[in-house]
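Chain lettering (A, B, C, D and E) follows the sequence in which the chains are written, and residue indices restart at 1 in each chain.
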């Protein structure tokens, strides 16, 4: 690698893109909290936040400000370093997954093409899996460092839940890769742009992935690590101020990224039907594509919330049973059937 | 001047450079926020406040006791199965070239996988009910 | 290759059998049947005349030597199951799993004789090692067993790291993992290759518990449940040696390459002989004595590696057979004793003349007295060293150490025959005695006609 | 980047691993050091693989396959090793390997 | 085939004897030993007619090109005869005794006989080594199990000494094997032309092994204790036959194979032997323990024989061969008497004895005869061998002969002193209870005394065997060099 190869335009482009993605992630995370309360209220026939600003739109800012200025408490028996490391880690990993997601096609600025993807690496999905895998450290470290029995128990639950659901998730993805033949998210989107959305080809795979995404984000019905009525708030029981904020934000960012990922993998990402046959200028198509992606993403976010306020929480044993004894065999079967069908169509017997 | 795109499509260590940038950005964000909140909040520490919260009752012993073996077992099984899943990735990318022969090999692999899976179920490693 | 596959698959089958069959006796019979099956598969390999019915992609190489060694390993395991199989249930409840693990080890053992790629060497060694870590700690409540297991695990995986580094450096130097394509040339070695060879030598010396890398052996062998020590100290050890020899004989021979490592191995051999023999003399427990004696025997097996010639291969086969059968026999009797110290054997000859007799035969074989297989085993490896030339000092050291080894082996004989005492044993069945006699017969038969085994080579 | 960089890096990591194994007393740390050694080897293998690809060998992918196997075996070792350490911890309430020499007698 | 039979009879009957009990074992082993004797005598007869028919070769370990190659020549025939005669004598002597676990006892005795015969017959180096050890193991068990209270450590010392020595020899054998075109046969070994340097160090590998077995000073330390602690029948085997293995080894395997080595070191070997003679004789004179006295006397005699071998000329070699046979017979006779005394009186110390002659005249007479034969008085069998040895040694170097000649005088001193202390003088309460020889003992002693006188008057058969007729060609070659 020769660093002199990097020219300043490239640097500016990437820095701009990164800032935008991070800012949007945070923004969406903030307003997800607001949306969540609104959705909850709507489902439960209430009003939800409505004091700060119109429709309570400034509520997230108020919450954020409050978290910033709260007193920072570190229990005397806790391990200080790890106590700080835990939420930092959670936030860090949440911020890193977005790097490989293609937010849109190429934008042209007078001959300079800007790809709306921070890094198109050929193992994009592996990067996401790796970073999500790191995410569990945030929970585990935070729970352990607190030196609180509730936290520790919650951390153990959270860790085992996350890692358990990583297996069927990976297996479901493999069936997808058999179709795509590539691990690059960009490639996957481009293939869907020309052909069918993969949700049509991989309905079971999508279902598995969806369930796993719920579990990976610790969302209800799989929110055992923070089951407040059993564990007093779970792994972030001892946290306050922005450290608590990080855990909460991380969760919402994860939800956002998962939604975007599902949209990318199974629902065509930034592509939308007839996008190439409308005869619009490429830049306009790209912008429409971005909107399409965000539309799909918001739909998933709404789905997340809808489920949360509809379904009750699983019991620990039910959760593990679902993950290990149902999803894993199902995902393997899905993989084998996918493989057989593809090979049959390609080679015959 | 568009060689950058070229570099990005070719798979070199250079493709990961933006990720490094993002890592730096994220680290900066997290670090700055952490430090800022540290100075922003009030500091009125008392002994009671710094104790662990156990629903208001007297604290009993250290929290870092060995936890149930089930969690440990889950972790171990995850490591094993995840590594087996790793083998599927290169296969998934190449399986069209490998054809039916490769598929048979993969079926054998899955059979072993399921064998192990079935074994741990029968051994009770996945029983969380009790 | 069929034997390897059969063994591995049978191990898995056994795991499942353990889920459904609760009768421990039946599991044992099933395992014994498995060794017979493996033997048949090996015989079938033999009829394929060096070929294989499985596509091997150049990873594994079926040769006369490998088939013969596989046969030795299978027969040793068969005897091991016959003699020690009932002791499995004294260790814990998961008898079928223990048997299955032994089968896995066995498949790794067979790979050591037939690998032709460093990847397979690595896998073979790991397939052997990992189940052993478990077996060493099978007695979960016993602290000594825990200790053995942890110690074995830490040293074993540390060694694996070193082994891998050696492999990686060799790959860097040659660009291949295939042991026949290394082509290290004839002149001076590149630093990468030299480091690789030395690291490999150290790692394998660890695995075969050669001094000064032997320190884990006594504690591990002593702490592990005795019935598993019997397997670790025999078949497994022989397999590690076979791997060692195969690698060095095939890849690091030719031109001056041998001289780069021969002296190091020769010094390791000398150290192993001295340390193994002298420390064995001072042990009070027969089990611990056997642990040290296994180091001493390792010293003799190292002769095969130092000398690095055709005769060494014969010697290695013979040594593997003689040493495995005899040690398994000694351990089988040890397992029937209530007291593992030398005094525990006092007067065994009066209470159980047959046990004493076969133990004597096994011990004589270990000491290398003529008429037993152990003599020819030692004879061949020493001859190989003489043939290699320039190692006469080592040979003479070797025979002097053999004389020392008589001391501690004869302590058991003396206790059994010439000391009064009430050696207490567990109940002994007729079948056990018959199996012991079979083992003794093998030792004597090989002691009279080593050609019985070597004709296959 | 020249392959030497990778060689030096992985050898440095390997040596750190060895030193850790030899000097630390905590079984888990030792264990992590061993894993570090294995990963140093993995890095080295991949670097060499690249080196031989550049040198025009077609079969250089075998080193990358090797890495896969190392990872699998390391996972198997991890599971067994952790189980052993947990077993030890449950019996002695310590993961200090000094306890091993105490138990000797 | 006869030669194979010689080994097989004791081997197989020995194994069978393990399964027998008490008297059965006794009788069976006696019969077996007679059968061996018959075959040996028959082989002797055959040897006069067609010596070549006594060779036998079969494949043994094709991988090493080692053969089961046995054969008889004058040297080995003499020792085979000695062995074949000794064992029936020993069995007859102890016939009245009942040993604990008799089956094992007699079985081991017969196995050791098989090993001994094998050693004398083997013409293949590996086979020779094989039998060399096979002879040792049964003796080890015999001594340890039926020996005195210190037998276990003492015998173990004996075992380790011999084992270490023979392993060194094994190294030598292996080395020479690789110099041959891949054969262990005696012919291949002897037709080699090894360099002087090689012969020089190889000599010591072999010499140490044989010297321990003989034993020669300073490798003798195991011997007196072992003789003392062993049960007397085993001591008879040890001193009568087993020590001859060492002498035989030198004559069959050392001198012909490494003539230059022997030439280089013969002086050293003779010096050691002569030192041994004087040393052992002096200690024997001081000795009060009957068994130890005889043990030291044996060292002295063996020292003389070994000196004679290394003197390495026609007379000395012939003398050694004759003497090997005669010494075996004589010392067995001595041991029988000692066994009788020990049995009857439960005492080994000569200070407690005396005046036995009056109570047991037959015993006394026989002991005197055997003792005189042991001193090598003319007209006894010991004389001719000793004479030949001395004259041979004199040819080599008169000074050595002179010093060694002291041995005869010293031997006379300690033997006569022994006779005086045991047989004559005042009898005490203990010795007054001595009863005379019983039938079996009488028979055995009668045979021995007969041999002593017959060979004393008519040594021709022995000399025939020793000289020319069956003498290995290579030895002859060395002698003429």
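Note that contacts are C-beta pairs under 8 Å (C-beta built on N, C-alpha and C of every residue); 3 or more make two chains touch, one makes a residue touch a chain.
It should be emphasised that the depicted structure is a prediction, and the values quoted were computed from it without experimental measurement.
S.K.: Treat touching chains as neighbours and tell me the shortest step distance from chain A to chain C.
M.R.: Step count on the best path from chain A to chain C: 2.
S.K.: So which chain ends up closest to the centre of the protein, judged by Cα positions averaged per chain?
M.R.: Of all chains shown, the one whose C-alpha centroid lies nearest the global centroid is C.
S.K.: Where is the C-beta contact count highest, in terms of which two chains?
M.R.: The chain pair with the largest number of C-beta contacts is A-B.
S.K.: Hey, how far is the Cα centre of chain B from the one of chain E, in Å?
M.R.: 82
S.K.: Where the CA atoms of chain C average out and where those of chain E average out, how many Å apart are those spots?
M.R.: Using C-alpha averages as centres, the distance is 42 Å.
S.K.: Roughly how many whole angstrom separate the Cα centroids of chain A and chain B?
M.R.: About 14 Å, centre to centre.
S.K.: Please report how many Å separate the Cα centroid of chain A from that of chain D, as a whole number.
M.R.: Those two chain centres are 32 Å apart.
S.K.: Which residues belonging to chain A are in contact with no fewer than two other chains?
M.R.: In chain A, 1 touch at least two other chains.
S.K.: Enumerate the residues of chain B that touch no fewer than two other chains.
M.R.: 13, 75, 82
S.K.: Two or more other chains in contact with one residue: find those residues in chain C.
M.R.: Residues of chain C touching two or more partner chains: there are none.
S.K.: Can you work out from the touch definition every pair of chains that touches here?
M.R.: A-B, B-C, B-D, C-D, C-E
S.K.: So in the complex, the part of chain A that touches chain B is made up of which residues?
M.R.: Per the stated touch rule, the residues are 1, 5-7, 9-10, 14-15, 17-19, 21-22, 67-78, 84, 88, 91-92, 95-96, 98-100, 112-113, 115, 118-122, 126-127, 144, 146-153, 156-157, 159-160, 163-164, 166-167, 170-171, 174-175, 177-178, 181-183, 232, 237-238, 241-243, 246, 316-317, 320-321, 324-325, 328-329, 332, 335-336, 339-340, 342-343, 346-347, 349.
S.K.: If you look only at chain C, which of its residues touch chain E in the complex?
M.R.: Residues 314, 364, 369-371, 375-376, 379, 382-383, 386-387, 392, 395-396, 399-400, 402-403, 406-407, 410, 414, 417-419, 449-451, 454-455, 457 of chain C touch chain E in their complex.
S.K.: Sort out for me which residues of chain C touch chain B in the complex.
M.R.: Residues 12, 15-16, 19 of chain C touch chain B in their complex.
S.K.: Which of the residues in chain D come into contact with chain C in the complex?
M.R.: The contact residues of chain D facing chain C are 7, 14, 17-18, 21, 27, 30-31, 34, 37-38, 40-41, 44-45, 48, 51-52, 55, 57, 59-60, 62-63, 65-66, 69-70, 73, 76-77, 80-81, 83-85, 87-88, 91-92, 97, 100, 103-104.
S.K.: Note which residues of chain E are touching chain C in the complex, please.
M.R.: 60-64, 126, 129-130, 132-134, 137, 141, 144-145, 151-152, 156, 159-160, 163-164, 167-168, 170-171, 174-175, 177-178
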